[in-house]
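Reading through the structure tokens given below for one structure.
All chains are identified by letter, namely A, B, C and D, in their written order; residue positions are counted from 1 within each chain.
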Amino acid sequence: MSTIRVTVWNEYRHEKQNEEIAEIYPDGMHEAIAAPLRTQPDMEVRTATLDEPEHGLTDEVLASTDVLTWWGHMAHGEVQDEIVDKVQGRVLDGMGLIVLHSGHFSKIFRRMMGTTCNLKWREAEEKERLWVVEPGHPIVDGIGEFIELEHTEMYGERFDIPQPDTLVFVSWFPGGEVFRSGCCFHRGRGKIFYFRPGHETFPIYYHRDVLKVITNAVRWAAPGEGPMPVFGNAKPLERL
Amino acid sequence: MSTIRVTVWNEYRHEKQNEEIAEIYPDGMHEAIAAPLRTQPDMEVRTATLDEPEHGLTDEVLASTDVLTWWGHMAHGEVQDEIVDKVQGRVLDGMGLIVLHSGHFSKIFRRMMGTTCNLKWREAEEKERLWVVEPGHPIVDGIGEFIELEHTEMYGERFDIPQPDTLVFVSWFPGGEVFRSGCCFHRGRGKIFYFRPGHETFPIYYHRDVLKVITNAVRWAAPGEGPMPVFGNAKPLERL
Amino acid sequence: MSTIRVTVWNEYRHEKQNEEIAEIYPDGMHEAIAAPLRTQPDMEVRTATLDEPEHGLTDEVLASTDVLTWWGHMAHGEVQDEIVDKVQGRVLDGMGLIVLHSGHFSKIFRRMMGTTCNLKWREAEEKERLWVVEPGHPIVDGIGEFIELEHTEMYGERFDIPQPDTLVFVSWFPGGEVFRSGCCFHRGRGKIFYFRPGHETFPIYYHRDVLKVITNAVRWAAPGEGPMPVFGNAKPLERL
Amino acid sequence: MSTIRVTVWNEYRHEKQNEEIAEIYPDGMHEAIAAPLRTQPDMEVRTATLDEPEHGLTDEVLASTDVLTWWGHMAHGEVQDEIVDKVQGRVLDGMGLIVLHSGHFSKIFRRMMGTTCNLKWREAEEKERLWVVEPGHPIVDGIGEFIELEHTEMYGERFDIPQPDTLVFVSWFPGGEVFRSGCCFHRGRGKIFYFRPGHETFPIYYHRDVLKVITNAVRWAAPGEGPMPVFGNAKPLERL
């Protein structure tokens, strides 16, 4: 069993600016997300945040990250394009990327998707029920037919993303909306999982099932040992 | 039958700089590509090229384009980012995009895909045989089991694109390579078709089947009348 | 504009056995479904029902059908396997197939999918809201962001089908469920569209949007003119 | 690390009827396929063959099989429909299925696909080069950019299968054909991998890379611990 090196990235602004949020996530959402991963025998976990130099994503950190999780919301625009370029490059080389909740609007997710990643939203403390539509997928190991979250922000379709390679979760909201809330993509040699749950004003990153899915997703997105493609001018393999 | 407004875009540099290429395409590749489209009763065709102001893609032109075809090669870097932004926006709003041959490395295609779009290549005047793998797709109407091109540049896998929504053609080359050479994508409300054939030094855009596929692809990629999604803050549709 | 020959198939038992249903559909659901198609200038429409000889699907009828729509519920088991074989063969050859509502459990749909096609259901006269998740698809031409049906039977996930080639609609129900309610599949040279709306005890096949989607789906599923593949022993195309 | 219980199924007729084939596979192809799997610390391997009672696939065997590999060719018709029913049921419940080479025409594969699974073929001892088109997929762990087999039977497109959920390999043949030779499908809770290499008259199941892919595929196809869906009449989860 080889070790998966996880970097949990967080914008880490809401928690510092808002007392109520700080009460829910006193050490930042990144620590809540990192905590259960740290207990996994096959994972090595560190965190990185926006206001660190290079957003905590130096060349050394990126080069030694197998899976990067991403939470951002109010400061997407402050993420430097140069860092986004590097993260994109690493994903295409094989690094896994788990994009959480409002990360749908991050530069890196929009860059990887090629679309606006726009959606409908509403803050009304609504219930969310995430239905598993692909029960054979490893990301739902140990999950029941659905996950229920008592109070969430609503996200609704149309979610402007490319059709996922595999759609794993579809969410129901009492206000009348649905949402593709667990979406797998292959991009380059890398795997990307978008997972909707998580809002700064609710203790969602303490929910057993949400953490279980993130943990499963880290394992699913970990880089494999497939070939590193050779690009460019190529000699013929057969006599012409 | 409503009219499809097609804009055939061409870099139009090789033809002006190289005599042999100018002999093959005396009016530029764009005119060769446009010619058969002009004969279609349901199409209205114009052309645009790199060295025109705004690359010929003014707001007026883009707003009145239903399907844009794109050929570029030696000057991808000269396409202004601002124009790429606008083209991307129009595709997401519903404009069809047909990317031809070396257009795989254009800013607009890489932007829409989120990947490097890199590949293997070789100029050895090789034969190409494009096999139809999805015979029920409208893009292959009127095409046989394969298309054969006597002299082409080779493109080989790994082609670094997201898995297409529908894979229509797979190419065979005598040097030992294969290539996913006809690929359909939905992005936003728009449809994108990548089609490999076409090289500046071969008269490929006079080939009956190549032109037939491009003509079919224009019809397939034409915008529909589906809903224009509403994004942003949304009131509940049900009583909360 | 070539003519699409449509055969609207209906089990036609509920309407003959239940007075309330007969009041809603006095000539059978097939006539309600056929009516708007008959007004299309590019369609030629006939109907067929279970209790006709060969279920109305003789070799002549099948050979001259471009798109077959299918509604069945209480008598799936009475459809002869020999007819199912023939319908499957025609779909693989290119005939379109539109499977409606309880047709999810028909022999032909289960045969084409390879799965149980099972689901959750409930008869509680619930509202259904079908959200468009792929607004660029021709099947949603002329449809808004969603379709609302006041009283329906509920179908809920897990819907045991292969992941659709394109997912077009996702349904919301007030009881807390979601459902992939508009699903496109390519099988052989044929196209299949599963569309959920429609129950014998509700006048759903008079709803403008439901009929619009069925009409669009008939056009989308109509056979193309792509190649008829040649199978079996093949001589080499190149010198070995 | 939990143990994966593998059953390697083989028709086992060619090896008994033809001396040359018996020389290549003295204990049957199943033993060649089983051998490297037996060396894996996380696998428990047994074999089953056509001429055993119930083809070696009793209820007990099926119930205790996590992944079933399938090789058949000359006697597909002798596999009892009742056993095919049971295997299909087990796949839908989560058992992995690896279909090898001429198994494309087996009852079970055609049943799972819903299509003819027909293709072109030729016995001319041709080379095959399998190109990896999805280098991030776990099935190609430890594989280079392509696998080369010196002498094979040719299979060519059109391969009449549904578009795979993930296309992993595309093959090149010197006679001018291409083939989708490594194809992943989800069906029910089960995963299916079709892998082309393998012919009774060539020692292909001793090839390092072929065996590596089969080993990887067994791990990929092993059942997960996702939810067992509940089907049928469902009480509402919300107050109606």
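Criterion: a contact is a pair of C-beta atoms (placed from the backbone, for glycine too) under 8 Å apart; a residue touches a chain by one contact, two chains touch by 3 or more.
Owing to the predicted nature of the structure, the values given are computational and were not obtained by experimental measurement.
The chains that touch chain A as well as chain D are B, C.
A count of contacting C-beta pairs for C-D and for B-D identifies C-D as the more extensively joined pair. Of all residue numbers used at the contact between chain B and chain C, over half are used by both chains, marking a mostly same-residue interface.
Centre-to-centre, using mean CA coordinates, chain B is 37 Å away from chain D.
If each chain is reduced to the centroid of its CA atoms, chain C and chain D end up 32 Å from each other. Among the residues of chain D, those in touch with two or more other chains are 129, 132, 134-135, 145, 156-158, 163, 165-166, 174, 176-177, 186, 188, 227, 229-230, 237-238.
If the chains shown are joined wherever they touch, the resulting network links each chain directly to all the rest. The touching residues of chain C, counted against chain A in their complex, run 129, 131-135, 145, 156-159, 163, 166-167, 170-172, 176-178, 180. Across the complex, chain D is touched by residues 1, 94, 129, 132, 134-138, 140-145, 165-166, 174, 186, 188-191, 223-230, 237-238 of chain A.
The touching residues of chain D, when paired with chain C in their complex, are 88, 92, 111-116, 118-122, 124, 126, 154, 156-158, 160, 162-163, 165, 174-177, 185-188, 227, 229-238, 240.
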